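Both complexes shown next keep chain A, but they swap its partner, so chain B is in the first and chain C is in the second.
For the complex of A and B:
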């Protein structure tokens, strides 16, 4: 900032949209210049018009204005018009926030004007604490993508990134590319029946097709922009997007260090171990096989019939047991299904129709058949048309013998049945090849008492030290303070928690793709790989310019800390939801801005308030709280501070105003990047300043959390649980400070919660801290 | 209207639903120039009309808010609403797009102050609520609409209401002389994300959607559950406004059926399980839900969600393709058919029936403005002949939101590959 020109502050007040009719604009102007001490204050009857925008632009270009408050509509409106990215700017919301939220009555006039005056004071105080954010320059453009895993997903990601002009390092643990798909005889068809296919029973429907894996391997090997490392693993990953340093331990025993921009993890899956399912007797007969083993039998058959493993007899009847060990709540079984097993079994049943002739019985025993989409349903139809038998039944037991006996309950006939077949194929589920979950140990600790926690930690340590315990190998070996690998979402999958944002992992610049993310088939894995490659190249471009990734896309601000004040308490490094902060040799926090998502959780966590962003800090909010005018006690005008998440609660209040809901005239709403960024000092300051109540509105916590910074609202709730001490010290009632989960749809509820606080204050009385 | 500046390094995204928005934003945030063309006056498409998403039961508008913020902030992205691509000529890296712009009558001066809506009188069916409620002839399509502009219904043009709206506007935002226009611009690659529409339930004759008031579709039910919807979030019978506590869902209504849609729309089972939550949340122990199904397709990780609903005492699953609906007492729809598990006939009355109708591609096979490979169901298949046109989301298959976004993200890369090639060739 020192190199920048002198700070020149301006406030631009829009009088359009009824603002000028409802409020005394002269008073607003006076507030901005006298209380807000702005150097320039101007009014405009339609600030978002070309003329209004040009007025501001001229002041920036010719008058040296470099800090501006736009007073008018919400920060969510007219964003394109007020895109002054070359200065520090804030929006003061007196349209949705004030006039639309208040009734147009003579009675309400005074409090409405006070509300608007206050918001102007607050924004003027805020802008004085803000600086224009600029990138740190910590990383340059590094166009190298690391892809871990050389199966169909990894290869597709590599090809797609290379096609876009980026270089790829592809690391595969085994001695060959191709993964599972290389072992398949055929693949499930990718397409549905073509347009014009008649509605007739003998229409041509999709059949199993060649996997095409050979061509894909050749395309990888022949691509100059892809470097393949076979028999290799990643032994260390440090740095951040745009400047990852990755050690690849290669076949020859050497370790190569590569500079990497972003990473795609495509480490795939393994089949569930059938030995865990005694009722299916996998170990009891060579003629009870897995779905993957059947692919090998089909490959071995060449042009001839498929033979059973035990005695080489041509198979005349085969039975597929669907979803074995899946969708089960039993210990050690999979609580989910692979989603693709039914399509795979139809494909395999058709192998028999093709190789062994129509006389070979192929039966699929299923509960719910999952063949979704247009291609899925057409392939199911294809199976039916070609004589595959589908039986809705529950297979209870598979008994080995010369021919295999399958005992089942037929759900349609509602009776037990037994059939004898030559071969039984078990549809096994997919288990993700993810690395150890960095938070697994923490999850076990959640909700425990201190005593139990200590005991659990001890047990975990003992378990880790026990050499016989099975340890999951790390895949990425991240040199991060918060663990070596991508956090798991559920059941070991490294999926995103967000329906709208499937690639948002909790480690910036590292994207999971394929069945390690969630169970999926070959076609979806290829689509997924393309999507992950997209995110990988995007992160390279973002990191190059110091821009944040989702959800504060494009944000150039990043956290820094004042070393002198830091007590090395480690709360920031522990609480960062994205594992962005490490500790340096001197045990000070070490920020990696390209890993940072700009939520400010570290800032909220810091007990000594040394962490800040250029345009968002303890002071930008603190100053607003301090500058809010607190009426004398006998005025009987309470003040309620509302700290609202900018993504959900703040828009909910905005929409409430748009929809004509009233918001209490006592409320003063401050948007926060995430409730996780809330500093306890804001609460203390507000109480000391004479605020009568404080409401914090954040996103839903728990398993189905909606916080876009994952842990932000949880951390806030945990921190605020301790606010009771502060209240006690001040001799204030605990109900003056509340934390609510507020969704973006809480259009009626959000104002009602403020109303509720108004009632609480009526009950407990105004704060005694009014000076 | 927004001026379109484009070159053969520009990506055209057709459709501004969740898929089109995603493709446009992912590409624009990577540095590509993107023009997004949307038929409706606002972005968000079908998901903006959903109350909640499965399996988290979170709100679609939460993600929409983030995406809209991304859109507002991105200088690489030009959004054109009320527009349709009528022609696309050329080849990958060198297309000319012809776009038809419907008259909007409202320009960018609009501040969404709402004075025009106060001034007009005539009311029309509100398409945002699938016609379950009325709106004015000058209206904000919904409270989060982006662009945040009022819309004039073409039907009021030439009436007194039009002049009233214009007179009420202080910002010179209404232009009643606006006409349909056609513009042409060059693009290098196209992401086709025109999405889906609900299958016309009236075509399923035995279910009597057009005859029985208390037979509704799943998309209508979403609006009925939404507190911002036509019933204020109350689940009521359209016939008499009474609480609908005994609700039946008919799965595969018009799907997996050679007389209607051959395909399975993938989402309808999960949607009905989600909507079961709406009923149970509304009426607690008094709720009675019956789900008539062929297969419950809770795919991969969604099993948890299915198991949770299955464990509810007041939810029944009946394996049956319902044969017909007849009129029962008090306008109760009566469902007739055979429970195939054990083969029992039933004739059961419910307060309300929800048809879990499937997704049909928005664009019919004959009206694609460009030659791409299309399957029997009207979805676009990936193919060489598609050149630089890449399908995203439900234009490519019946997908849930998560998979649609996955598909759109991939399509964005395919388009970037084309324009990056052009950039390299042109140095």
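For the complex of A and C:
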């Protein structure tokens, strides 16, 4: 809003949903106007109705109301009805937060009313600190998508984006499009057998299909919206979504600079190196081959039988060893399973049944047979139907020779066996083609003793200095302060959460798709590519309007810092989970709006508290803490401050109230964007104000984190580890401040944690800071 | 497992599986088993057998020809159909069990003195005589299957039951002499003989040592 416009504050109190029956609405109104000093205070019997919404709309349009508190249900309810984006607005939760959280009894009446009054006071204080968010205008609409990787994933993403009207720059490192799929003989079928297909041994079941890669390559090459760069790499990426500047080094040695809106990284995978697995003797015989090499053998066979590499003899028996070097806890092997190897081996076993005839035996030695995807089970049956032998077994050793001997242990019959075959195929795992992890060095240090830390640092430096050591090549060459490439999630995969946020990485506007983010097959990769293309498009449009991307989609606020106060400590640039902040020439933080997810972690990190959003700041929360009414000590009414993550803990508390769980009448819950945005000063302020206990509820952190902002809750926990000093200076008991991991499903546990604090306070006594 | 089979049969190859497919009733279903173990878990008797159904099917795929065909496990199946009802792959397990038993019998691999096998034989011979089962003679031959002494003991033990059956006209003492039969016994016998010839001709030969060697 413009500086000159007069601020006009209004509070709208809903008396529907039983609020009017349980609470004294007149008193609420009084609280809003007298304590909250609102210019306009109105009641409505059903604020979310058309009539109620219209009442507010009229006040905004005709009466100049530009700051509003909606007093009624939780901010998680009726979001569409109360979408007043042209003003500063907050929600005061007295439905889930108060009347539904408290029993409807005579004894509870007084404390319930106090709770509601308090929440109104707090929201009125908050709105005074808020401004209408407006985007920075740092970037405009740029309809160009950069796709890195010309395999099936990259090509599919390119086609999807191009067909939606965006122009695509497709960069491929090698000399041809197609990637691994171009090397395949056939693909795993895309469709399951028709519904109703019987279970009999002669049912018509799906068989390997042509890959169709030629058509896809032709579609890419023939699309005017797609520009293909072969033999090319990305040598520099700077800027932010909507205004990326990307250098592409091309075949001819030239560098072309393109302006890009958003990026899809589809750099695929490579096979795990079989030389690392001595027991399978890959190097020992040309007849022990990888699953990709078999594709080439099948291609070479033409219409005739597949022949073995050593002597060209027609293969009469082949054995597939599943999961080699996968699911292993041994150093240097893959701790995960690519999950699709069984489908691949069934497909390849069927090559032999087709090319070499039913007389050719094909045996698959699996441990856990997994056939994901819609046609998976039917394809398994298809393999069985065609006489592929499946045996749950552990292959111990593959011994080269004229025929290859496979020593294995049958896990069903629990006995050892030796099988002699012409050809052995190793099902190798998929290793992602990720760039170097910007956080690898830091993460290696986590949880180490000081001594080990020093040693590790030394080793890292030595490795970096050693010119002969293998270094992972950068893919995006991001010109970001926090590293050149996308952070890894686990095992080197470029992702930010395997389940919750597909395609999202920890760099806004850059999406990962295909096997670079988790192992997957062709069909999954194509679906993935479509999803990532959608994300890329969405981000182009969001960035154009200055709107945030996932998870605060549409948020127009963004953080700024007060330069005069900044000490250049760099905490914000380091702690931002999304690498949104660079440094300018004067070494001040440089915010990139479109890279920011609006989590507020930087705000919580800043020791001098100079970072704020228009509608969320140290002051918006600080004011609520200050305005909460602290009863005198002799009233014996403790106050517990709950700072609850608005993504998980806050809805858990809402849900608790909805399900009839009681929440302590002493609790005052303030939602925070992420626990990572929590400022230590809120804790200090609350303690000084006379709060008896403080509970911080954030998401699960660590490897299987649930934090919507990936590292926010981790950063908060680290920061809060220092809260002990504050407590010590104030001479307060350490148990007064606790941090809990709360999941959205913790609907019984969340209120119980507050109850626990109530008991703690009973034990240690009320805070001496009540004046 | 005999030394011969250990050396000859190719394990985890299609040799024995193909034989079962060709010669065992419903044998073509064996390859469709997904080794879930539901049948073995559902079988009221399986845990007392050397090899419950799931294991038998895996042994077939592993090429354990002799072990499977000389096993008495499939003879123990009571046709309760628990397994069939539960098999997620809808294998006709009961029928395969009986098919394997029949095939083993045909090859002469049935374990000596396997009681179910013995009973089946007695039943068959009894029926083939007249084209009708003679309960009295069937009962008696069953009692005396292990010799005269044990037969008398067994008959005495069951005498009350026998008397009741006679009273209820479920069994007639006169049956001991000749007994009832179908009209054209020799016609029936010819028909069965022809059917057996046809079936034998259809059987693929797998039981010669050479055939076992390369499947």
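Everything that follows uses one rule, which is that the second predicted complex is superposed on the first by the 744 of 771 C-alpha atoms of A that agree within 3 Å, B and C clash if a C-alpha of one lies under 4 Å from a C-alpha of the other, contacts with A are read in each partner's own complex, and residues count from 1 in each chain.
One rule holds for everything that comes next: a contact is a pair of C-beta atoms (placed from the backbone, for glycine too) under 8 Å apart; a residue touches a chain by one contact, two chains touch by 3 or more.
Predicted, not measured: the structure shown is a model, and the values here were computed from it.
Trainee: Looking at the combined model built on chain A, do chain B and chain C fit side by side or clash?
Mentor: clash
Trainee: Figure out whether A:389 sits in contact with chain B (first) or chain C (second), or with both, or with neither.
Mentor: second
Trainee: What's your read, chain B or chain C touching more residues of chain A?
Mentor: Residues of chain A touched, chain B against chain C: more for B.
Trainee: For A:412, is the partner it touches chain B (first), chain C (second), both, or none of the two (neither)?
Mentor: So A:412 meets both chain B and chain C here.
Trainee: Once the shared chain is lined up, is A:378 touching chain B (first), chain C (second), both, or neither of them?
Mentor: It touches chain B, and chain C stays clear.
Trainee: Using the touch definition from the top, say if A:363 reaches chain B (first), chain C (second), both or neither.
Mentor: A:363: touches chain C, not chain B.
Trainee: In the overlaid three-chain picture, which partner chain does A:195 touch, first (chain B) or second (chain C), both, or neither?
Mentor: first
Trainee: Hey, what residues of chain A end up touching chain B and chain C alike?
Mentor: 199, 381, 392, 412-413
Trainee: Which stretch or stretches of chain A touch chain C in the complex?
Mentor: By the definition above, chain A touches chain C via 199-202, 317, 319, 361, 363, 365, 380-381, 384-385, 387, 389-392, 410, 412-413, 417-420.
Trainee: State the interface residues of chain B toward chain A in the complex, per the touch definition above.
Mentor: Touching chain A from chain B are residues 18, 25-26, 29-31, 53, 56-67, 69-70, 72-75, 109, 111-113, 140, 143-144, 148, 170-171, 226-228, 256, 258, 262-266, 295-304, 307, 319, 340-343, 365, 373-379, 381-382, 397-399, 401-403, 405-410, 412-414, 416-417, 420, 424.
Trainee: Could you list, by residue number, the parts of chain A that touch chain B in their complex?
Mentor: Chain A reaches chain B through residues 16-18, 46, 48-49, 73, 76-80, 83, 160, 163-165, 190-197, 199, 326-327, 329, 335-339, 368-378, 381, 392, 411-414, 490-491, 493, 495, 497-503, 518-520, 524, 527-531, 533-535, 537-538, 541-542, 550-551, 553-554, 647-648, 651, 655, 658-659, 700, 704, 706, 708, 743-745, 747-748.
Trainee: Which residues of chain C touch chain A in the complex?
Mentor: It comes out as residues 10-14, 17-18, 28-29, 31-32, 34-35, 54-55, 58-59, 61-62, 64, 89-90.
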